[in-house]
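In the two assemblies presented below, chain A is common to both, partnered first by chain B and then by chain C.
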Partner chain A sequence: MMEIKQTAMAGTLESSDIQITLTPIAGATEIHLDSSVGKQFGEQIKQVITETLASYKVEHVRVDAVDRGALDCTIQARTQTVIQRGLDQVDQVNWEVL
Partner chain B sequence: MTTLQVKKINLQNSYHQTAWQKILASENLRVEHHLSYTAGIYDGEQLIATGSLQRNVIKEIAILPHYQGGEVFNLLLSHLMSELSNRGFYHYFVFTKPMYQQTFEYIGFQKVAATAEACLLEKGNQSIDEFVKCFSKKEKGVKQQIGCIVMHANPFTKGHLYLIETAAKACAQVVVFVVEADEGMFSYQERIALVKAGTAHLSNVEVYGGGAYMVNFATFPSYFIEEEEQVIHYQTVLDATIFKEKIAPAINCTVRYVGEEPFSHTTNLYNQALKEVLLPEVQVQVIPRSASLDGQIISASKVREMIEAGASEKLADFVPATTRTFIQEKYHV
Partner chain C sequence: MQNKVGREIPDAYLNDYALYESTKIGNPTIQKVAPKISVVKPGDEKLVASIEEAIDLAGLKDGMTISFHHHFREGDYVLNMVMDVIAKKGIKNLSIAPSSLADVHSEIVKHIESGVVTKVTTSGLRGKLGEAISNGLMDEPVILRSHGGRARAVETGEIQIDVAFLGVPSSDAYGNANGYKGESVCGSLGYAKIDAKHADKVILLTDNLVGYPNTPISISQTDVDYVVEVEAIGNPEGIGKGATRFTTNPKELRIAETVNQVITASPYFKDGFSFQTGTGGAALAVTRFLREEMLAKEIKASFALGGITKPMVDLLEEGLVEKILDVQDFDKGAALGMAKYEQQVEIDASCYASPYNKGAVVNQLDVVILSALEVDTKFNVNVMTGSDGVLRGAIGGHQDASNAKLTIISAPLVRGRIPTIVQDVTTVITPGDSIDVVVTEIGIAINPQRQDLIDCFTQAGLPVYTIEALQKEAEKIVGKASPIQFTDRVVALVEYRDGTLLDTICQVKD
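For the complex of A and B:
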């Protein structure tokens, strides 16, 4: 398991982007999503985030995501960035999971 | 609108400062000083939007009418939020007009409290709902009074002790919150330690930190108000509203105790605002100040003056033994 050491943020609130904040917590992982397309794609967005967290073996985090209609590849990229920042490994990218 | 550019505004430069003041004036915002960071959005050469940070508070958001409603706002707020995270702030606030509450909720902010005139929202890794979970909820008996006191205790004096003891006699339980803002001579850690040490003999008193939510004058901006008096009123009413809606229900508080304030105009206004907002759900008890043996009113500001002047003779009359020992150790007074 990879331990998130610090709160981190990635992404913006601009159209077609998603802003993700990751905070270490004691309990199980929670995902809080605000999305302009939440009704149609909320579950899918959460799934992309969940899968990306799993590929890094990240648990016990609170994810706050504000989505502005991001595509899956964007969601994945922003999640990877926020994980690397939270792990404090911005300059040691974990290429294997990408 | 590909020509939009986000830049830091250098307010030392009078050309940029004038443009910034003009855009604030167009949104009826007061020019504030002591800002930690100010950003601007430019369409070509023209400044069309601005927003600032003061520590962990977003303020002074102004956007020209033509550019309002979406893109520019999102661009500006994204920039300010990444600037906040660069500065290590992951819990931040917006203090704004009630009409903008929804706009901020839409980008992930949550309301802390709103009054007729102002609205405070927060976002990030802490929230008031999480904060109030830390307190043990008291039994709600029929005749059971649960008292609450919020104090700065800079440092903890016999006056504070008298206030807590008075409450502890009248109530089944007393919860004391110590203001966390570190503005004064004694740090928050020192102040709360002294309150705990000075009240250790009272079995029905609990001491907690007030978090970001109780009497945080430094962080409650008030830029859209013209007059000082109004500024204070706004902030105190909002503070009282947070207490009434969030804090009091979490501990089943039935009565808030405050010390009478003969010297400070601001505290007087604060006490007034508490009565205005809390009644009738929560009672407000104003306790007269206690005096030292020779009839001097005890106040923390006098204690600080004595420490600064190195005048130790009367310190023991003003502060409990626990605080006295600490002052001796830290300041050798």
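For the complex of A and C:
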């Protein structure tokens, strides 16, 4: 398991982007999503975030995501970035999961 | 019961409505109705001191139907101003039948909540009002009609207007009015003219009272009961809000370029052709591209129709368009054109688009370019409900103008993560049978009913796809959307232009 050391953020609130904040917590991982396309793509967005967290073996985090209609590739990239920042490993990209 | 566009219509509406059958309206015999007239005798005066006094004199009572026009679009002051006076007087249970509603009219929400307004029929619903109605604000479903459909309903008495409150940019004290002389011009009064002809009582509100007789006469003294002078009826700058910017968006320009290629490769692009465009960046860009082609090939249009924008008036000025038939102006520039050019001619909503008269101008139209929130693989178009199922659009003249010889829908494949080309539209507003070509940024799809156009555009080397292929391309980009969740409660009925029931819109969940 990888431990998130600090609260981290990635992404913007521009349209077609997603802003993700990661906070370490004691309990199980929670995803809080606020999306302009939530009714149609909410589950899909959560799934991309969940899968990306799993690929880094990240647990015990609170994810706050504000989505403005980002495509899956963007959601994945922002999630990877916020994890690397949370792990304090921005200079050591984990190429294996990428 | 399912209607002919495959929409399930709840049994509750089968008594009041015939189900939609076809875009072909046939040759039925219909009866028009005429209003009750309270005779004005020599010596009577029509100018009254306040809106309240006019309401009292007109005898407005609980349960009546009132109407407004939407020529000022987002710049309208009249509807909110009049509704506030009516609410203060304690009148309840009114039906309102404006020609359309804009964002600025969201104040109606409070009048619905307090029981002043209990029924609504309109062409458009947007903003907070659309949201509130989609969330179940009203007991009675809203009836949505096209501009032509509304003209039909008023002329046949389906909409019986007791009192029409019509804001006019100039009027004399005896009720001769037009829309293009004065401080706050809106141009054509095409929608208001129908109401003036058919309402039992007609009250004009003006901020520009001029000497008798005021000419040209768009609304005539013979139809007007009272005239009220008010400080301001609307802001002309609000007419074109968000509608008239020339786009620099490369996707929109690409679509506009392709639309232009479709028009110029079609058999309809020849001297004396006619066309209509809507608002929005792509439509305005089409007008500019079309101008270059018309100059290059020495082709002139016999008329342009619609919803008029400044770029169309520029074509008139240049001599590339001989006449403009003008039911409404979409920006101040077009409104001012009404005063300047005698070839820019005002027509009323019935003449523009009603299916039930002795021939509307849309029957003579060659080419129309329309927009869409969604288009499905049956070519059905939705311009009314958003991707979340909420009311946020207007039918406008979409159903009416789409009976042109060449009906083009210009729409991007996707908007952000929202697909535009889908398997089934959320709401059917214009049946696919009247749509000929869909133009996106990657290519075009042609209705299989139009083999002539498939041959023509394939030969011209245009990027032709099937509509199913375009839908799959959209899905590849954004993924598969979950269907929007609705309750069983109907919040709006969509009429086809002939008054048959085309679709119903339900309350959104949560």
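Keep in mind that, in the parts below, the second predicted complex is superposed on the first by the 98 of 98 C-alpha atoms of A that agree within 3 Å, B and C clash if a C-alpha of one lies under 4 Å from a C-alpha of the other, contacts with A are read in each partner's own complex, and residues count from 1 in each chain.
By definition in this document, a contact is a pair of C-beta atoms (placed from the backbone, for glycine too) under 8 Å apart; a residue touches a chain by one contact, two chains touch by 3 or more.
Everything quoted here is computed from the prediction, not taken from an experiment.
Undergrad: If chain A is used to align the two complexes, do chain B and chain C fit next to each other or clash?
TA: Overlaying the two complexes on chain A (C-alpha atoms) leaves chain C and chain B fitting together cleanly.
Undergrad: For the superposed arrangement, I'd like the angle with vertex at the C-alpha centre of chain A and ends at chain B and chain C, nearest 10 degrees.
TA: Between the chain B and chain C centres, as viewed from chain A, the angle is 90 degrees.
Undergrad: For A:Asp34, is the partner it touches chain B (first), chain C (second), both, or none of the two (neither)?
TA: Only chain B; A:Asp34 stays clear of chain C.
Undergrad: Going by the contact rule set out at the top, does A:Thr23 touch chain B (first), chain C (second), both, or neither?
TA: first
Undergrad: Between chain B (first) and chain C (second), which, if any, makes contact with A:Leu71: first, second, both or neither?
TA: A:Leu71: touches chain C, not chain B.
Undergrad: May I ask you to decide whether A:Thr12 touches chain B, chain C, both, or neither, giving the answer as first, second, both or neither?
TA: first
Undergrad: I'd like to know which partner A:Arg62 touches here: chain B for first, chain C for second, both or neither.
TA: The first partner, chain B, only.
Undergrad: I want to verify one number: the closest Cα approach of chain B to chain C after the superposition, in Å.
TA: So the smallest C-alpha gap separating chain B from chain C comes to 8 Å.
Undergrad: Jot down the residues of chain A that show up as touching in both complexes, chain B in one and chain C in the other.
TA: 15, 68
Undergrad: Tell me, which parts of chain C touch chain A in their complex?
TA: Where chain C meets chain A, its residues are 387-389, 416-418, 477-482, 484-485.
Undergrad: Sort out for me which residues of chain A touch chain C in the complex.
TA: Answer in residue numbers: 15-16, 36-37, 39-44, 68-72.
Undergrad: Could you pull out which chain A residues touch chain B in their complex?
TA: 7-9, 12-15, 17, 19, 21, 23, 34, 62, 64, 66, 68
Undergrad: Can you tell me which positions in chain B touch chain A when the two form their complex?
TA: Within the complex, chain B contacts chain A at residues 71, 74-75, 77-79, 81-82, 85, 90, 106-108, 123-125.
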